[in-house]
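What follows is a pair of complexes built around subunit A, which joins subunit B in one and subunit C in the other.
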Partner chain A sequence: MAELIVYGIVLGSIIALGAIGLSLVYGIIRFANFAHGDLMSAGAYVALFMVTGVLSWIGVPDNTFGPISFGWRMVIAFPISMAVVAVVAILLDRIIYQKLRTKGSGPVMLAMSSLGTSFIIRMVILIIWGSDYRFYRPGLMRPALELPWGIKIRPDQILILFVVLFLVVLLHLFLKRTKMGKAMRATADNMQLALISGIDTERIILWTWGIGGALAAAGGILYGIDVQLHARMGWNFLIPLFAATILGSIGNIYGALIGGLTIGIAQQVSTAFLLPTYKIAVAFVIMILILLIRPQGIFGKE
Partner chain B sequence: MELGGIIAYLVSFAIMAGIYAVFCLGLNIQWGYTGLFNIGIAGFFCIGAYATAMITTPKPTGIYAHYVKQLFGLNLPFITGLLGAAIICGIIAFLIGFPTLKLGEDYLAIATLGIAETFRLIFNNEYWLANGPRGLMGLPQPFDGLVDAKYYNYIYLIIVVIIMVVIYLLIERAIRSPWGRVLRAVREDEVSAGMSGKNIFSFKMQSLVFGAMVMGIGGALYAHYTKSISPAVFTPLYGTFIIWVMLMAGGSGNNKGAILGAYAIWAIWIGTTFLTDFLPYTLKARAPYIRFLLIGILLEIILIYRPQGIFGEEKKVSKLID
Partner chain C sequence: MIILKTEDITAGYTEVDILHDVGIRLKSGEIVSIIGPNGAGKSTLLKTIFGILKPSQGSITLKGEDITGLKPDKIVKKGISYVPQVENVFPSMTIQENLEMGAFIRKDDYSKRLDEVYNLFTVLRERKKQKVGHLSGGQRQMVAMGRALMLDPQVLLLDEPSAGLAPILVSDIFEKILEINATGVAIIIVEQNAREALKMAHHGYVLAMGRNVLDDKGEALLANEEVGRLYLGG
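Then we have the complex of A and B:
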């Protein structure tokens, strides 16, 4: 059980990266982005293209760091992939969502078009890479470390936790210390008030997509390192992402972090009693329970 | 291809598009007239198909019971299968609507999406329920003794068209009644409809359940057409996404548009199979993805440039007013 909880924290921290971005978009741009899971897939596959394609062609060595399953290629690919997906998210906004906003389409129309973009992203991945499972590095998993209470954990998983922690602290500092971060929080809190205070909301929206896309990419890559890559991985993350976002109250990034960890732990612990394929259903049931008991989430106001 | 082959092809096209038209009509009640955002149509598709399969087939006995597991099999006629599918989908819709319809529109969307994925997982993994990933086979087809099996599709086309027209007339009648006008009022302005003393939650629930029942019938029609079903069919792509594109293309809030959209988009979908021939050998297996990519792009174009669809909504709400 202790081991499942630790695995749950690893999975939950990956869900949290997606949920934080989803919650930011939901809170600031005010629509349910059904393409957020597929932005995670996009990040994972861009990194795959870098690691097995570009970086191997230009001759970056393929060695690994000690007990970890990747090396310099992934270290280079990681930030590049985050940047690429940030740009993709911003471009999707310029090409599609911004047009809908200026036409005065409601949040449901935006949500519907995001459902469309989610299929478009997935189809592009399927056309290029097909529907096979992929790995960043072929071969056996590295041996696991033995921790007290019989917990076995792979070095990769410990690293994943540190990467997530680093990104969350970075985001926290950005939102608390920089002018743009403060403006984003203000817009999430009250859009009208932000507008009359002279905040340029279109720029805020741009930054929101950039941050949301980059975090989603990071989550997707980390999942690819921990488990594997598949074109449908992002779609399978969608329900856990929404469950985490609603649990932690929409627009609240610390709530999304706690929501992500909760959902991740619940999903992993459930595998002790249920088939692992039911993980999505577990997230769904938790979400329905929250909607019945406290629809505004744990940090929401009455 | 000689003429007979072409006609047989057209008949099977018209049956499938007609079944999709039933789904579009169901979605039109929910989205077109009430503004309910259901993105789990595949769930009702799946539940409707499995419901009729278990109602109309006998429970396997003897040696078959080792190979085909099925919770129950009632061996009842086709029409009870349709009704059973509608009733079970209505009950599921009620259970989803209960926690979500008092909240914002997005919550219903996420919950319906969740129910669709959950039911697909259940049917895929629980062998005792409906034979797991292998699914159920041997569904009966109504009036199948009348003609040679070769020509059976003509009869099924007539059945599908009759059911589609009956549902169409029923919705047209309902939507032009005071009940239908309240649905539109709820869609346009919930607050003012509520201030006029209408119970918003109750009307949304009725619309959700009514639409889901129609979708259940669609699922049942599909199951009796293909005679065998498995969970792999009810994917978000074929079960939900393409139906949304059909309704948005035809014109939400217009039942003729819903039917036209189903036929038009299904024609595009079937018509683009020729794309496969032009692709290099290595890409042939991925042709369906390219076709779905085009359908996805088509949805974005519709949403941005013609959100009212081909027909747009009919403004006439009563035969007493011009």
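Then we have the complex of A and C:
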């Protein structure tokens, strides 16, 4: 059980990265972005393209760092993939969502268009990489460390937790300390007043998409490192992402973090009693329960 | 000197004009109060001056410069600040952060201005780390005005600053408005609390059904029997 909880925390931290982005976007633009999970896939596959493609062609060594399953190629690919997906998310807003916003389309219209966007991203991945499972480093043995209480954890997973922690702290500092971060919070609080104060809210929206996209990419890559890559990986994350976001109160990024960890742990612990294929159903049941009992989430006001 | 002037403003929401040919003048250093019954278009006039609504006719001039049709983010850079009647603070942010957002477009060091705003609203300084969502109505109103003052505006537009406040706080807020005016800020204030608003106004305008009805010196309007009967509740 302790082991499942540890795996749950790893999975949950990955869900949290997606959920934080989803929550940020919702907080500012007020619509449910159904393509957020597929931005995670996009991030994972951009990194795959870098690791097995570009970086090998230009001769970056294919080493691994000690017990960790990757080396310099991933270190380089990781931030590049985050940046690429950030740009993709911004472009999607410029091409689709901004146009709909200025036409006065409601949240349902925006959500539906994001559903369409999610299909497009998934199909592009399927066309390029096919529907097979992929690994950043196929055939690598990944021994686990034995911790007290019979907990086994792979060095990769420890690293994943540190990467997530690092990104969350970075985001926290950005939102609390920088002028742009504060303006983002102000815009989420009251967009009209932000405009009245002279804040360029369209620019804030771009920053929000950029950060949301970059975090989604990071989550996708980390999942690829932890488990494997598949064109539907992000789509399968969508229910856990929404469950985590709603659980932690929509728009609250700290709530999304807690929500992500909760959902991740619940999903992994459930495998002790249920077939692993029901993991997503577990997230779905939790989401329904929250919506029935406390629709505003744990950190929401009455 | 006239600092702000609207001429023949016709404006409103899609297809429905609320204001018809409204003209007001604000001289530098003055307080102008706009009174009138509910639905007279008082708030609409402020929104139009600030560029939230676009007039279909007429012009708005700030110190001789035509600012008609400019968007709020441009207007605020010209030296006009606006305090809406409701949702005029960032509730999940601290007092200090609210004031910082007021200074968002300033590139210079605004710590001196921050200090001045805290000197005006001393109660805010004591609680600057508190979230505004937890404050009382009167303190929120102070945060809202403080935010608007951070840019050191030449003109301040106040939409019903006393709305929803307990009577004892109303006089506090009006006192603060007089203090702000004493620092040289010209103010247009829209009020339900017409008698109080006219008392402190240099000049007052009466609007009804979206049209100018009357304008005169504040005390003259107060003394006007018809105004008293129709708009000041006898």
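Just so it is clear, the second predicted complex is superposed on the first by the 300 of 302 C-alpha atoms of A that agree within 3 Å, B and C clash if a C-alpha of one lies under 4 Å from a C-alpha of the other, contacts with A are read in each partner's own complex, and residues count from 1 in each chain.
Criterion: a residue touches a chain if its C-beta (ideal position, glycine included) is under 8 Å from a C-beta of that chain, and two chains touch if they have at least 3 such contacts.
Keep in mind the model is a prediction, meaning the values are calculated, not measured.
By the touch criterion defined above, A:Tyr223 reaches neither subunit B nor subunit C.
Counting the residues of subunit A touched by each of subunit B and subunit C gives the higher count for B. Of the two partner chains, neither subunit B nor subunit C is touched by A:Tyr45. By the touch criterion stated above, A:Phe34 is placed in contact with subunit B alone, subunit C being left untouched. Of the two partner chains placed around the shared chain by superposition, subunit B is the only one that A:Lys103 touches, whereas subunit C remains out of contact. Of the two partner chains, neither subunit B nor subunit C is touched by A:Phe78. With both structures placed on the common chain, the touch criterion links A:Phe237 to neither subunit B nor subunit C. Within the superposed three-chain model, A:Gly116 lies in touch with subunit B and out of touch with subunit C [touch as defined at top]. Residue contacts after overlaying the shared chain place A:Phe70 against neither subunit B nor subunit C.
When both complexes are overlaid on chain A, the residue A:Ala183 reaches subunit C alone and has no touch with subunit B. Counting contacts by the rule stated earlier, no residue of subunit A appears in both its interface with subunit B and its interface with subunit C. Residues of subunit A that touch subunit C in their complex: 179, 182-183, 185-186, 188-190, 192-200.
For subunit C in complex with subunit A, the residues that touch the partner chain are 50, 52, 72-73, 76-77, 82, 84, 87-93, 97, 100-102, 104-105, 147, 151. Listed in rising order, the residues of subunit A touching subunit B in the complex are 31-32, 34, 96, 99-100, 103, 105, 107-109, 111-113, 115-117, 119-120, 123-124, 126-127, 130, 235, 238-239, 242, 246, 275, 277-278, 280-281, 283-284, 287-288, 291-292, 295. By the touch criterion given at the top, residues 35, 37, 39, 99-100, 103, 105-107, 109-111, 113-115, 117-118, 121-122, 124-125, 236-237, 241, 244, 248, 283, 285-286, 289-290, 292-293, 295-297, 299-300, 303-304, 307 of subunit B touch subunit A in their complex.
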